[in-house]
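The same chain A turns up in both complexes below, where it pairs with chain B and then with chain C.
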Partner chain A sequence: MIKQVKNPIVEVHDLTVAYDNKPVLWNADFSIPKGKMVGIVGPNGAGKSTLLKAIMGLIPIASGFSKILNENLKQVRHKVAYVPQKESVDWDFPTTVLDVVEMGRYGKKSLFKRLNREDKQIAVEALKKVKMLDFADRHISELSGGQQQRVFIARALAQEAEIYFMDEPFSGVDMASEKAIVDILLQLQEDGKTIFVVHHDLQSAMDYFDWMIFLNTRIVASGPLSEVFTTEILQNTYGGNLSMLEQIGQIYKEKQFPIRES
Partner chain B sequence: MDFWKDLIYFFSFQDTNITNVLFGTIMLGFTCGIVGVLVVLNKKALIVDAVSHSILPGICIGFMLSGVKSPVYLISGGIIAGIIAVYLVDWISKTSRIKKDAAIAITLSVMFSVGVIFLNIIQHSGNGNQSGLSDFLFGKAATIVRNDLYVFGTMSALVLTIIPLFYQHFKIALFDPEFSKTIGLNRQFIQGLISGLIIISTAIGIQTVGIILMSALIITPASSAFFWTKNFKKSILISGLFATLSSIAGVFISYLSPDMPTGPWIIVSLSSIAIFSAFFSPKGLFTKHIKASKNTKKMLSDNVLKNLYKIGEKEAETTKARTIEEILNYRFTPLNELKTGLRLLKTKGLAIKAGSLWMLTEKGISEAKRIIRIHRLWELYMQKFMQIQSDHVHESAETIEHIMTPQLEAELLKLMGKPVNDPHQQNIPYED
Partner chain C sequence: MFDFWIILTACIIAINSSLLGSFLVLKKLSLIGDALSHAVLPGIVIAFLISGEINSFWMLLGASGFGIFAILLIDWLNRVGGFGKDSSIGIIYTLLFAVGIILITSKAKNADIDVDCVLFGDINTTPLVDKTVGVPTPTFNLIIITIINLIIVSFGLKGFKITSFDKGFAQTLGISIPFWSYLLLGLTSISTVYSFDSVGAIMVIGLLVIPASFANLITRKLKSFLVISILFGIISCISGHLLAVLFDIPTVPTIGVFMGLILITTLIGKTLLPNKLEVKA
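Moving on, here comes the complex of A and B:
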C-alpha cells in the first residue's frame, strides 16, 4: 500500500540505486505530505540509509529522481538538513562541540564568510535545545555516543531547515539522549517541519511516527501509521527477501548490464 | 665559549649563505607543517610518499629541457610529475580492483624507477651542470641559493593564501564529508586542493630533506600538534611552529658541524618533538603517570587523615595527639606509607607534629569529617538507590570518598536529607 499525496513536500519517483551495478533499492516511488514525522523502517540491508543518501545526493542514482518542495535538491539545499550516522565521522578530529554545531550555519551562508553574532547565538540556542550547552567547549572525543548524536542534531537545528533527514539518530543512544532527541523532533513537528528518521525498533516506531515507510529493497508500504501498520505489511517487510529481486540483481552485477536502456 | 659565538654569528645574518639556507628551510618547514594537518586529517598520509617519489622524473625532465639547474624548471617539472602521480593513483584505484594503498605503492615505485633511470642518463650525458642533481634523493640544504628563495617564497605564499581562504571548507569537509556535500560543498574540489598543496610543498621540500624523508616533514609535525590542542586552527599553527623550530635546529646543527646533513637533522628534531609530545603533553604517557601517582598520594594521605580522626572519634576526643604506634594499632598501615601520609598531611597543614606525637589541626578535623561524611553518605546512597546490601557498600565508598566534588556532595545531601547514621549505624559527621 503506497499512499500518494497531492502537493508533497518530498516526492520520490521510480528511484533505483545500485552499488557496483547491483540494485539495492528498486523503483522507490512515494510522496510525503508536509509536517509529518516519517519513520523509515525495514530489516538490515533493506536500503534505508541508501534511500536517504540518494535523496540527499550523496550517492549516484541509477534511475529516477527525487524532488523536494517540488524542486531539485540543488535549489533547496538550504531548506534541508541531513544528520549522518554518527559512526561516519572521526570523533578524534580536533574540534569542539560548539565548533561542530556552528558548522550548521554554513548551510545558509557562504563558506568564505565569518559567522556573525546572530549565527553564534543560533548555534548556542541549538546546543541548549539538545541540553548540551555545558559541553560547548569540550573536545568532541570526550562525549558519549548519545551526546555525539545530540551534537549532530544540534548542528541540524542550527541549519534552520524545513526538512530534516536523520540516519539512525537513536542507535547506540542512552535513554536520556533518546528522550531529549524525541522531544526535539516533536518540537520541530509542532513548528511545521517535516522529519524523516531511519529507525530500527518497531515497538517505539509506533509511538514516535505518524507516517511510516516500510522498506525491503523496495517500498513495501508508505502511508499514515494507522493505515500501514498491519500484520500483512509487516510480514511483507520482514518475512524474507524477494529471492527473484536478489537473483536478478546478481545478474545485473555479473554482466555489468545497464540498469536502464537509456 | 665557542658555542655561544657560533650561535650569535648564526643568528646575526652576516653570512648570506647561512641566511639563504635558514630562510629557505624555515619557509619550507612552516609550509609543510601546516599542510601536514590537512593531510593527516584527510587520512591519506601515504599519498605524500607517492608524490615525493614521483617528483624525481619530473625534476630530471625539467633539467633535460633546460640544461641547467634552474629552480623554476626543476620545480615546474616536479609539480607536473606530482599531479600525474595523484591522478595515476586515483585512476588505478577507480578503474581496477586494486585498492588505494596498493595503487599508491605501484605509482610510487614505477615513477621512482623511471626517475632513477633518467638520473643515470643525465649523469652520463657529460653535462657538467648536472652535478648535485642526485642530492634530491637525500636532500642537501646547503645548495639553497638566493634564486631558490624566490621560488620557495612564491610557493609558500600560495599555500599561506589558500589555507586561510578555504579554512572553513577544509574543516567541514575533513570532519564530515557527507554533511559537507549536503550543504553544497564540492568534495572533489577540496580533495584536489589538498593534493595541490601536497604537491607544492613536496616540490619545494625535496631539495632540502630529500625524497625519502619528505613525508616525515609533512606528517610528523601535524601528528605531534594533535597531542597539544583540540582546536583545528591551533593545530595548524602548532604544527607549523614545530616544523619551523625543527628546521632552524637542523640548519644550526649542520652549521655547527658541517659533516652533519641538514635534512635528516630536521627530521630528527621533529621526531624528538613527537616523542616529547607523546610523553609530556596533557594526553601523554608521562602526564598519565603523574596523575596516577598524584591519585595514590591523595588516597594515602586521606586514609591516614581518616584514621587519625577515627581514633579520636571512638574516644570522642579528636584533637588529642597520638603516637605512631597508636595509629598503627588502630589500623595497620605499612610504616613507610604511614610516614609518607603523615608528612603529606603536615605539608597540607592538616596535621602537626609535636615531638613524636601527631595531632590534627582544625582544618584537618574538618577535612577528615568531610571525607568520612562522603563515605557514609555514599554507603547510604548505594543502599537506597542502587539496592546494594549494606555489607557490600564499603569498598565502593572507599574510593568515592576521594573523588567526590563539593557540587556533587551538595547534590547528594539534597537528595538524602541530612541522615544521622550510615548503614552500619555509625554517626555521619557534619560541620557544627
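Moving on, here comes the complex of A and C:
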C-alpha cells in the first residue's frame, strides 16, 4: 500500500541503489506531503540509511530520481538538513560542541568568510533548544551518546531548513535524551517542517510518527500511520516472527481505541 | 650567517610540514607523506634523464608531477579497487619507489643521484648553494611555498575542518570533498618535494607526523592544535640544531630524535598526571 499524494514535499521515483551489483534499495517510489513526521522502519539491512543517503546525494544511484520541493537537491540544498549516524564521524577530532553546531551555518555562505554575529547567535539558540548550552565549550569526546546526538541535532537546527533527514537519531541514546529529541522534533513539526527519521523500534514508532514508510529493499508501504500500521504490512516487512508482530499490532489497536477507565 | 640559514631552512620546513601534517594526522592519512616522499623518485630520475641536470627546476617539476600522480593512483585503488587507504598507500609507493630504483641503477648510473641523499638530505650545505635575492635558493623557494600554504589554510580553514570531521555532512552542504582533499594532498606533495633537498624524505615524514601528534596530546581545539603543532616543529628544529652543534653530530637526525623524545616524555607525563597537561584555550 503506497499512498501517493498531490503536491508532495519529497517524492522518490523508481529509485534503485546497488552495492557491488547487489540491490540494497529496489524501485522505491513514494511521495510525502508537507508537515509530516515520517518514520522509516524495516529490518536490518533493509536499505533505510541507504534511502536517506540516496536522497541526499551521498551515494551513487543505479536508476530513478528524487525531488525535493519539486526541485533537484542542488537547487534546494539550503532547505534540507541531514543528521548522519553518529558513528560516521571521528569524535576525537579537536573541536568543541559549539564548533560543531556552527558548522550548520557553513552552507549558507561562502566557506571563505567568517561567521557573523547572527550565525553565532543562531548556533547558540540551537544549542539552547537541545539543552546543551552548558556544554558549549566542552570537547565532543566528553559527551555521552545521547548528548552527542543532541549536538548533531542542534547542528541541523542551526541550518534552519524546511526538511530534516535524520539517520537513527535514537540509537544509543538514554531515555532523557530520547525525550529531549522527541520534544525538539514535535516543535519542528509544529513550525511546519517535514521530518524523516530512520527508526528501529516499532513500539515507539507508533507514538512518534504520523506517516510511516515500511521498507525491506522494496517499499512495502507508505502512508498515514493509521492506514499502514497493519499486521499484514508488518509481516510483509519483517517476515518471520509472527507472534511478536501480532502483539505489536494488538498494542496498536488498543491504542487506537483506548479502554476508558471509569 | 652559516648557522642562521640552516636554522631558518629547518624552521620553514617545520612550519610547512607541521601545518599540512596536522590535517593529514586528523584525516588519519599521515602515511601519505611517507608515500609521497618515495613515490616521487621516478619523477626525479626521469627529469634528470631529460634535462641532464641535477637540482634543476625540471627535477622539482618531475617530482611534483609524480607526487600528484601517486595521489591519484592511491585514490583510485581506494575507491575503485576497494582497498583500504593504508593498503592503497603501501601498494603505490613501493611500486613507484621500485621503478625509481630500477631507473637509477639502469639508466642513470653516471648521475650523481644518491639514494642516501634522497632519504636523509643535507641541510648543512644550505648556506653554500646559489642564492636568490640573498637567500639560499632552496630556502627562498620554501619561504614562498610556506607563505602560499599559510594563506590557503587560513582562508580555507573551515573547508579543511568540515571535510576532515564530517565528510557526509559537508557533502550535503554542497561542499566538494575531492576539491579539498586534492588541495591538501597537492600542497603536501609540492611541499614535501621542496623539503627533501634539505632534510631528506625520512625527516619530512617526521615533521609531518610528530608535531601534529604532539598537538593531539595536549589540545582539543583546532586552532590551538595548528599553532602548537607549528611551534613544536620550530622549537624542535632550533633545539635540534643547537644540540647537534654542541655534540658535533648531524643536524637532521638530532631534530628527529629530539621530537621523538619530547613526544614520548609528554605522553608518559600525561599518563602519570592526567588532566594536568592540557591547553584549554
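The rule we apply is simple: the second predicted complex is superposed on the first by the 239 of 262 C-alpha atoms of A that agree within 3 Å, B and C clash if a C-alpha of one lies under 4 Å from a C-alpha of the other, contacts with A are read in each partner's own complex, and residues count from 1 in each chain.
As a working rule, a contact is a pair of C-beta atoms (placed from the backbone, for glycine too) under 8 Å apart; a residue touches a chain by one contact, two chains touch by 3 or more.
If you're wondering where the values come from, they're calculated on a predicted model, not measured in any experiment.
Bringing the complexes onto one copy of chain A puts chain B in a clash with chain C.
Only one of the stretches 58-66, 328-336 or 364-372 in chain B has C-alpha atoms clashing with chain C after the fit on chain A, and that stretch is 58-66.
Chain A residues in contact with chain B (one complex) as well as with chain C (other complex) are 53, 56-58, 74, 77, 80-82, 84, 88-90, 93-96, 99-100, 103, 106-107, 111-112, 139, 141, 155. Contact residues of chain C toward chain A in the complex are 26, 28, 155-156, 158-159, 161-162, 164-166, 168-175, 215-216, 219-222, 225. Across the interface of their complex, chain C is touched by residues 53, 56-58, 74, 77, 80-82, 84, 88-90, 93-96, 99-100, 103, 106-107, 111-112, 139, 141, 155 of chain A.
Taken in their complex, chain B has these residues touching chain A: 41, 43, 165-166, 168-169, 171-172, 174-179, 181-185, 226, 229-232, 234-235. Considering their complex, residues 53, 56-58, 74, 77, 80-82, 84, 88-90, 92-96, 99-100, 103, 106-107, 111-112, 139, 141, 155, 159 of chain A touch chain B.
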